[in-house]
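The structure is given below, and queries will be raised subsequently.
Chain lettering (A, B, C, D and E) follows the sequence in which the chains are written, and residue indices restart at 1 in each chain.
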Amino acid sequence: MDFDTIRLYLTPLLEGSVWTLALFFSSAFLAVAVGLITCFARLSSRRAIRTAAKFYIEVIRGTPLLVQLFFIYYGLAEVGIVMSGFVAGTLGLTLNFGAYLAELFRSGIQSIDSGQYEASRALGIRTLQRLRVIIIPQALRNIFPALGNYALVLIKDSSLVAVISVSELMRSGEMLAASTFQSLLVYTLVGAIYFLMCSVISYAFRRGEKNLSIPGYWDGASESSDFSKA
Amino acid sequence: MDFDTIRLYLTPLLEGSVWTLALFFSSAFLAVAVGLITCFARLSSRRAIRTAAKFYIEVIRGTPLLVQLFFIYYGLAEVGIVMSGFVAGTLGLTLNFGAYLAELFRSGIQSIDSGQYEASRALGIRTLQRLRVIIIPQALRNIFPALGNYALVLIKDSSLVAVISVSELMRSGEMLAASTFQSLLVYTLVGAIYFLMCSVISYAFRRGEKNLSIPGYWDGASESSDFSKA
Amino acid sequence: RPLNEVLATKTLNVVTTASNPPHGFLDPGTNTLQGIMVDIAKGIAQHLGVSISFTNVPFAGLIPTLTSGRADLMAAPLFITEERAKVVDFTTPVYGWGEGIIMTADSKQHYPDFESLKGHKIGTLVDSVQYRMLKDMPGTTVSTYQDYPTLLADVRARRIEIGLIDPPSITYQIQSKSIPGLKLDEQYKPQNDWKIGGAVEKGNADLLAAVNKALEQMKQNGELHAILDKWGLSQLMVK
Amino acid sequence: METRTMDPIIAMNGVSKWFGDFQVLKNLDFSVDPGERVILCGPSGSGKSTLIRLINRLEEHQEGTIAVNGIELDDDPHKIEQVRADVGMVFQHFNLFPHLTVLENCSIPLRLVQKKSAREAEELAMKYLSRVRIPDQAGKYPGQLSGGQKQRVAIARSLSMCPRIMLFDEPTSALDPEMVKEVLDTMVELARDGMTMVCVTHEMGFAKEVGDRIVFMDCGQIIESAPPAEFFGAPRTDRAREFLGQVLSQH
Amino acid sequence: METRTMDPIIAMNGVSKWFGDFQVLKNLDFSVDPGERVILCGPSGSGKSTLIRLINRLEEHQEGTIAVNGIELDDDPHKIEQVRADVGMVFQHFNLFPHLTVLENCSIPLRLVQKKSAREAEELAMKYLSRVRIPDQAGKYPGQLSGGQKQRVAIARSLSMCPRIMLFDEPTSALDPEMVKEVLDTMVELARDGMTMVCVTHEMGFAKEVGDRIVFMDCGQIIESAPPAEFFGAPRTDRAREFLGQVLSQH
């Protein structure tokens, strides 16, 4: 357990971490996009679009991520759609988290006072701009702590992508443990790296939350007194 | 694949389902309680309480549920705290989901206009009643779709409790598949049962959402037009 | 728990895993645990003069259950390895086997040893010892499977040429389900020879001794042979 | 009514509107000429806010026709957009954007809708903020303003869009008499530029000063419509007389 | 000022309050006798809302002392609770509870705070809802009300708690003259029962009618404090004269 051993072990683990982070960033970005689109589809006044969004959300939420990954990687391959493990993993994580984020975004959007829609409509601001400039920034602020939850779950769930042959952090750990027979040490290192990543993301979200707070409104610091004072 | 076989297979699966549902209901209930308490601790004006809540949230969100279950069931047993698998499983799911729910609840509570706090304070309504009667019902309505996400994840994540000797649905399926060599059939049945449970929960949340909607406010049905019309 | 405590409470807590026939599984018809290791554990309890209580966990839970003191004895198809021996104390080996090759019944090709597998399309279970043997073999395509039925199906469908497997499970499966068109390669000489035994908590010497004694007696009086024979695997018994 | 030579810029014919079972507006006819300043008054709950919200389709009517600037309002989003580009509104509850500063509240709509450059938009916004005497609050967020300041931001935000028609829903409710005077002057000035105005107000002094015509509503119907002198001098209906009785007895 | 024999029920001494760098209230002294009806007026942004929000500690002051009913307000939650039990407030923005019906808005606080039975609470609530003429809206939600109706619910909600002191922040801003009269009558009646009132208003007619004393604020300071006849008849300061000039010229 000397330093040299640890350095020796760290090399493959850091390589795995790069894959984990790549999966995280690509699918986080895409999942937010898919989540937004699905959310608006879910809120559409056209019945067909709404139903399609509901169907997507229910199917994804009703099945485990592992099954979805298998389906995309192995199932689609049987009908001739062959993707690399990384692409399939990104796609799977995106589709999975997109469905959950869609419902989270809907929570946020529905928590915005209808007066905000009315004012922006009355000013003539059109649908997309209304959403981008008026509604989403406020909704985002409302759901921000919960959004952090999903970021942290995403980084941990990315380990499932190991089953479709991506050597991300968890898989690197498994292989290292198998070849060195030092599973305790290896898994401790793996856990520490995940925890580190989680802490960084968590910190980023706490900072983001501070930046999003609006003077004169709920800002945690000033109104928190509410819960202990009378 | 005749009916008798399926009936024979269904018996252990249904037994497993009972455990899954028991885990789900007990830990859903407790996790909401833990989530609420943590959320308020997180928002407390006392620094120590706030820090403790943050610490709990970060540790839980930074580690995988599986590790938490191992720690509670096996780790604690080594220092003499021995729980049954079911109790340890409920505890693990509760603590895990409690941390995520705490942040979701905080999202909801912070989305409530400060005028609502002021009005209830001015009326002399005290902290706990203020939360129970004024704040939480409105916050709950705001985060309701996202709460459904957690219910669905909880029922699926309850399958991890298998590692601590609870023969819930997934474990029953594994054993059945192993002894009958009919893994495709068995896992299809298992998947169907999970999907059924998810659909029922999903449906319950959709109904609940309708019940929570307030006339004259955002109610999805009337305001949805916002997204396609001008 | 030390031996005297086990004897005092008159129950032996045994942890097993019920998803590995024929070593241990849950019979859906009777809803009871069955299998070689289950029978062996029962035999040991009989020899100790105590009743038996099973805990059934997935593979990953076996060792923690033992080390956390939730079970006295582990009776599961877990290979005796140096690494595991660092955390638990294994009993004397009871039976064992090496890796085997499964292929279609009409296959003419033979694989005399491990080196001859090079360059072929091979299937194994995910996270199995066989997978670890294969993963670094150059020029070889390795497919991994969640369980044996899917692996066997792919052998029959000729998506893979051979499967590198645990012979006892496959033999039992082919026999009990009468899956046609498959055979084990009799000429294959396994590279490894894994042994299976029970295990007790590290340092629980008197219990280990008592279990070993019971096993020795069962070996002597033929009980062990009878158990393995019942599952068609008497040839695997450690002499 | 000698000015009835032009086509009305707002024309409502036989408009009825229900909220569930409750009929808010009852077969209502209402028209406004270009450049006219119409004051809408009447008891609380009579449907004044609902009426003006129909004009830019924040509410949908169930019967009758509404045409603004010659465009008839129906479900066509394109028409609705056209109408909204011409119609500004000041809300009873202000509806400022809490996440934007006062200056952004006023300038961002200009940039988004009228595609003005950032500098141009801010200059225009500052001009109107100065007009309502709060240029010094430009950097604050709505949550940091007093009631009257919020209301003035709402007025400045709408005015800076320079719409052809302005709808005011009690634009001076939170203002002190000094500021009312200021807003009144601004409105008179805008009207001189030809802006059409429909203004709901309870301040009869303000109504007298600003209005070309007073429309009195009760229970979802228009009861009386007359120039201020006539309306305040000799109301034709008992209901209006009763209503005005309360006003006059007060001051 | 011959009634100054009693102890004041509200006593503010040398109170200063800052929002960040901005000083809203400047070393302000203000006291109200039991049963007195004080009208607070002054230009927008002068600190009127802030002043009354200090009385039930919706804001914290940084300097000076505030005592209500003999209880000095500091960080002690117990004292704050005691004060709030005695002080009712009507907000400028109403702050109704959107998820409760009109009746629940009024009756639930009675049940929670005064431990009244459901029946008793609802009867009391209905009594006050009738007084502000909206018993028929009892089953609706706030989102379904007009502006004036909301304001009346807010008034009924506070009054039904029967507090010893009422703070009103522009209680008639959304009301038509008829309803103003109604609210005014109710307030006069309550004052006859000995309720103390502090009322921010811009309606000078209302102020004249209801006030025992008019307090005029500007820039976070109290400039003048006098009975209505004196204040309206012969304002002592130039600032007040200017302010009133706008009012009088209007009507």
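The rule is simple: a residue touches a chain if its C-beta (ideal position, glycine included) is under 8 Å from a C-beta of that chain, and two chains touch if they have at least 3 such contacts.
In this text, all values refer to a predicted model and were calculated from it rather than measured experimentally.
Note on connectivity: the fewest steps through touching chains from chain B to chain C is 1.
No other pair of chains shares as many C-beta contacts as A-B.
The chain with its Cα centroid farthest from the Cα centroid of chain B is D.
Note on chain placement: the centre of chain A and the centre of chain C lie 40 Å apart, centres being C-alpha means. Separating the centre of chain C from that of chain E, both taken as means of CA atoms, is a distance of 82 Å.
If you average the Cα atoms of chain D and of chain E, the two centres end up 29 Å apart. If you average the Cα atoms of chain A and of chain E, the two centres end up 49 Å apart. Residue positions 81, 84, 93, 144-145 of chain E each touch two or more of the other chains. Touching of two or more other chains is recorded for residues 113, 121, 126, 217, 228-230 of chain A. Touching chain D in their complex are the following residues of chain E: 19, 41-45, 49, 92-93, 144-149, 152, 169-170, 173-181, 202, 204-206, 209, 242-244, 246-247, 249-251. The touching residues of chain D, when paired with chain A in their complex, are 56, 58, 81, 84-85, 87-89, 91, 93, 95-99, 108-109, 112-113, 140-145, 157-158, 161. Residue ranges on chain A touching chain B, taken from their complex, read 40, 43-46, 50, 58, 61-64, 67, 100, 103-104, 106-108, 110-114, 117, 121, 126-127, 131, 142-146, 148-149, 152-153, 156, 159, 191, 194-195, 198-199, 202, 217-218, 220, 223-230. Taken in their complex, chain C has these residues touching chain A: 82-83, 126-127, 132, 135.
If you check the complex, the residues on chain A that touch chain C are 163, 174-175, 178-179, 181, 183.
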